[in-house]
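Next come two complexes, and both contain subunit A; in the first it sits with subunit B, in the second with subunit C.
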Partner chain A sequence: MSALRRIFAGMASRHGLGVAFFVAGAVLVWIFVLIVLPQVAMLDFSLRHNLPRSEIGGPRDVYTLDNYRYFLFGSGSGLNTLDMGVLVKTFAAAAFVTLIDIVICYPIAFILAHSATGVGARLMIVGLIVPFWINDILRAFAFRVLFGATGVVNGIGQALGLWDTPVDFIRADVALYSALAYTYVLMMVFSIYGAVETLDRNQIEAARDMGASWWRVHWRVVLPVAKPGIASGATMVFMLTAGALAAPQILGGPSNLWFTQLIYQWFNDAGDWQRGAAYSTILLIACLIFVFLTMRVFRVSIGAIGK
Partner chain B sequence: MTKDVVLDHVSIRFGSYTAVDNAHLSIQGGEFFSFLGPSGCGKTTLLRCISGFVQPTEGRVLIGGQDMKNVGPNKRPTALIFQNLALFPLLSVAENIAFPLEVRGVGRKDRRKRADELLEMIALPGTGDKKVHELSGGQRQRVAIARALAADPDILLLDEPLSALDLKLRQHMRTELRAIQQRVGLTFIYITHDQGEALTMSDRVAVMNAGVIEQVGDPKTIYNRPRTPFVASFVGETNSIPGQVVAQFGTTVTLQTPLGTLSGQSGGGRDHRPGAACLLFIRPEQLFTSGSAPGANSFLADCEAEEFEGSVQTLHLKAAGLPLRLCRMNAGGLTAAAPGPGALTIGYDPQAAIVLPQGADADAAA
Partner chain C sequence: MNRAIGGGLFSLGYALLFFLFLFGPLIIMVITAFNSSAFPRIVPWECFTTDWFGVLFANQRLMTGLWASLWIGFAVVALSVPLGLAGALALSDLGPKARAALYGTLITPILIPGVVIGISTIVFWGAVARGVGAGYDSPFFNGIFLTLLGQVSFIASYTMLIFISRLQRFDPLLTEAALDLGATPGQAFRRILLPFMKPAIGSAAFIAFLASFENYNTTVFTILSGNTFTTALASKVRLGTDPSLSALAVIIIALTLIGAMVREAHARRGERLRRSGPSGLYASPLTRTLVHPATIFVALAGFAAFLAWQGSRHDASVCRANILREKQEMQERLLREQQERMHRLQQQAPAAAAPQAPGNNPSPFGGAFNPNTLAPPASTIPAPAAPPPASANPSPFGGAFAPGSLAPKQ
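Now for the complex of A and B:
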């Protein structure tokens, strides 16, 4: 608290009281009104029964863990393997998409930071930013066109004689993974770029000079420097992928359900906001636990993400 | 084991810019050889060419008699010490030193043993587990040397490795580097813009200017017998007096200058035609004050200022509009120079003065 007061006083003396109040107000609104309050409301929702309007505030309106119990055990007595399976599958898919992005973006970020210059570098950055101009739904449908039975990929593949009958990329989730990986490439590239850029070029040359192969230069010199960037990029991509709705809705195979789709169904189709809120909370907490555990495994400190 | 390095008419161009122009010399095995020149003279490019990071546009680099064309930096028997050392900040000191061994697949235990031996040699025992940032500048310097030596190279290349250190440490490291070189007996190729470093440590020095090697020689020859005006003025302090050749007898050239008729030795053994425009270079410590009236090879000068540095006294003189500097040792009780116009008679030893043609370049010297 005293640290906050010191920051406020420092800002007031340097930029004036008006600026200090504006910044303090903006931060307060940002954190409390836009983040904490709705989440607390959701948490409150998730701990209540789904009651008809007339009974709200009545004797039956009490706190309960029923919605969370439902995720674990369903309405019956056995385990709710269906919903838990969806969560596990969503995580596996999100981890896979994150991995794809790491593999794609590490070389791009390295080249951007240490080889590309002038026009080439600027073109690369523009090429990375443009996907962000296109909205989610349009992008998803574009990938449907691309990977559909009569789509561009199948057209080219069949014309080249690589395969005879159209491949169902949608059912195989190729379209979905491609779209998600494509969407969040920028997050990953810039995170890794920020870390790799700080690397002194001489260190690469020194390692080369001492006889290291390119593989070893990256493993021992570049990758350790890139690690915090990879961690922060992976966290973002994983969270965003696990929380994506439009792409799985449009590109997901008929048998494959994303956990966000379950949440959406509770809120919208079932009209059960309480259970939807509980499922949202489960997704958030599961995501956080997964990310922290992964960072433990790869020995990245939480603070490194802020770098 | 040591190997010699031969630069066989090496030129390096980047587009239309010539960084190194026809460098042609050989460096013997076990020699401490320096490239000395101002920044941008191409000396670092030449070093990177020897280490394999830059390919010569023309000519060849031979190491131990072997053409290094298409041999990558990781395959050459050279180890480069970078200007900023380029130690790996995320690895420990021992891991840094053992990196070249790790590359060769030496086992963990043997790597550590060798790293500890090298730390012993550079007088930093027991620091193996520290991180690089926990060491001082001079210690890092020595770790970088140890890391380069761990690669067991035949030739050590050093790119201004002392420039980041403060003066005291720099002077200390000069002695240390020279001692290490003599102990390990490797060929050292050293890049610097600091003439003090080049002169004190080297067996031989190559002075470079604008991509051209102007002179190669041992430090004494470079200092006492410069072959070009650039070498004369870049290496050490000097006074230059313009004049025209009157006559030349053997190596002694007589010039007509604003200060009268003065003579010196012809630099680089050139023959000068009478009437040619030349420069007479006299080191400040070669000038002396004389009690007698001006005679041969002496002239009158005003003393404008005096600097006392303890061991050395510098007089700022002006003679016929030319600023000159005179240095003399404080050999017990210096008398201050008498002020006033024309108050001093200045003499010098014509054997220690050098005559060089004005605008002489390396072609004339070669």
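Now for the complex of A and C:
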């Protein structure tokens, strides 16, 4: 408490009392009203029964673990393999998309940081940002046009004689994974770029002079420097992919669900907000656990994210 | 040396492939906006048309959603920029440990899935409304109000990141100097720090607006029964696609490109004037005016307006009518051939009516699908592309002209 008061006094003496009050008030409102309390409310809500409005606060409105039990065991006996399977599949797919992004973005980030100069580098940055400005929904739409049965990919493949009948890329989730990887390319490139840029070019030259092959240079010199950038980019891409809703809704195959779609269904189709809240709490906790584990494994602090 | 050249070629090739991946889908989408085919595609090309832009602007749901999105966007900017600035200022004054904790807290909204933010926002404000006894007409059940709060909670984190990176380049000695020279702390803040942050405020406002406008995951929950532009767009895409969405993409891409070019001109001008003073292009008043960002903006905007005007005068009805007639003739011919075939089949074996079963097998037309003679027009047949002929003689073909059964076969 005294530490907080000291910080407040320091800020008041440097920027004035008005600024200090503004900063303190804004940060407190932001943290509590916009971040913490809503999550607490959601947790509380997820522990309740789905009651008609007149019974809320009545004698039947008691805490229950029913909604979480449903996720684990379903309505009958035995495990709810369907919903748990969707969660596992979502995470596996998100990890896969993240991996694709690392692989395709690392070379671009390296080129941007160490090979491109002047106009070329500027063009590359503009070229990276422009697709990012297109609406999420339109991006998904573009991939539907691209991968549809009469789409361009099928057209080219059939014209080249690679396959005869149109391949159903949507059902095979190829369209979905490509669109997700496409969407978060920018974040990954800039994360890795920020890390690789700090590398002294002389180190690469030195390694080359010592006779290291190009992949050895990357493995031993560039990658260690790029690691924090890769980790922070991977964290963001993973979280965004696991939490994506629009792309799976538009591009998801008929038999494949994303976990966010399950939440959406509980809310909008089934009208069971409590269970939806429970499912979104599960998603939140699973994501946070996954991210903290990744950070532990790669020894990256949360301060590195968003740089 | 050899290896350096090989590396250069490799990186050039890789960069080209990479940007092909980035721009390919956009280019294809842009092209489909001008094809009159009712399903967004390039092949088969039917007519060059600009009608899809008209279809887009006539979509009432999208247009009302657009207004809601603009309102929400400006309100989000007005709230998230001050919040982000406050967060960045607070972080700059903390010790390393407290700083890491606060940074971790303020950055989590970016990491939390948008769906979770949306749900927690409506649940929390619903609970608040119950607490104060507010009814359904109170702001707590207003989709725009909830969307605003939900979006601000994480967009403020984006703006904060921008302010942090700008603050890192701020020299605190400037404030010290102002204080030493007798300025009050408030004056120093307004006259030194705030002007220094001005460019960051501009870009933070821009990013905040874009993020708000584009957001779907949070908004689809918090908007309740209403619509923003993006949620209206999403429900349109989920229900079915038509090239008016491509037309929208054309507009957005054009705006983006104009913005990027003006910004580039602005950046280059600033850099050149700083580095070498008014020389080269910037020496003579005429060329200096020509490469001024405002001139470039006016020229590009004028060019776009001219293209839009020309496009609005373009009339594809003749070409469309031709395509329609071709399709009708095609269908009539197919009908005749089918009737002949049915006739033959009935003569041979009366029980062989099976091929008529809808969607069973697209081959009852026999030689009609000989790829050499008929393939290109046959692929234009799918029902959605030709509603008038389908309604003129809908029944003889049964379901055989359903898009699913014919289109993939080409």
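Basically, the second predicted complex is superposed on the first by the 287 of 307 C-alpha atoms of A that agree within 3 Å, B and C clash if a C-alpha of one lies under 4 Å from a C-alpha of the other, contacts with A are read in each partner's own complex, and residues count from 1 in each chain.
As a working rule, a residue touches a chain if its C-beta (ideal position, glycine included) is under 8 Å from a C-beta of that chain, and two chains touch if they have at least 3 such contacts.
Source: prediction; values computed, not measured.
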Overlaying the two complexes on subunit A, which is it for subunit B and subunit C: clash or fit? fit
Which partner, subunit B or subunit C, touches more subunit A residues: C
Just to be sure I read the superposition right, which of the two partners does A:205 touch: subunit B = first, subunit C = second, or both, or neither? first
With the two complexes superposed on chain A, say which partner A:62 touches: subunit B (first), subunit C (second), both, or neither. neither
Identify the partner contact of A:225: answer first if only subunit B is touched, second if only subunit C is, both if each is, neither if none is. first
Is A:160 contacted by the first partner subunit B, the second partner subunit C, both or neither? neither
Touching A:185 in the superposition: subunit B (first), subunit C (second), both, neither? second
Using the touch definition from the top, say if A:250 reaches subunit B (first), subunit C (second), both or neither. second
Output check: A:115 vs subunit B and subunit C. Expected answer is one of first, second, both, neither. What do you get? second
So if I put the vertex at the Cα centre of subunit A, how wide is the angle out to the Cα centres of subunit B and subunit C? Nearest 10 degrees is fine. 100
In the superposition on the shared chain, how near does any CA atom of subunit B get to one of subunit C? Answer in angstrom. 5
Where on subunit A do subunit B and subunit C both make contact? 208
Would you mind writing out the residues of subunit A in touch with subunit B in their complex? 200, 202-203, 205-213, 216, 220-221, 224-225
Please output the residues of subunit B touching subunit A within their complex, sorted ascending. 51-53, 72-75, 78-80, 82-84, 86-88, 90-91, 99-100, 102-104, 147, 151
What residues on subunit A touch subunit C, complex-wise? 3, 7, 10-19, 22-27, 29-31, 34-35, 37-42, 44-45, 56-57, 104, 107-108, 111, 115-116, 122, 124, 126-131, 133-146, 148-152, 155, 158, 165-166, 182, 185, 208, 214, 235-236, 239-240, 242-246, 249-250, 260, 263-264, 267, 273, 276-277, 280-281, 283-284, 287-288, 291, 301-303, 305-306
Parts of subunit C lying in touch with subunit A, wherever the complex brings them together: 3, 7-8, 11, 14-15, 18-19, 21-26, 28-29, 32, 39-43, 82-83, 86-87, 89-90, 93-94, 98, 100, 102-117, 119-121, 123-124, 127, 130, 149, 152-153, 156-157, 161, 175, 179, 184-189, 193, 210, 213-214, 216-217, 220-221, 230, 233-234, 237-238, 241, 245-246, 248-249, 252-253, 256-257, 260, 264, 379, 407-410
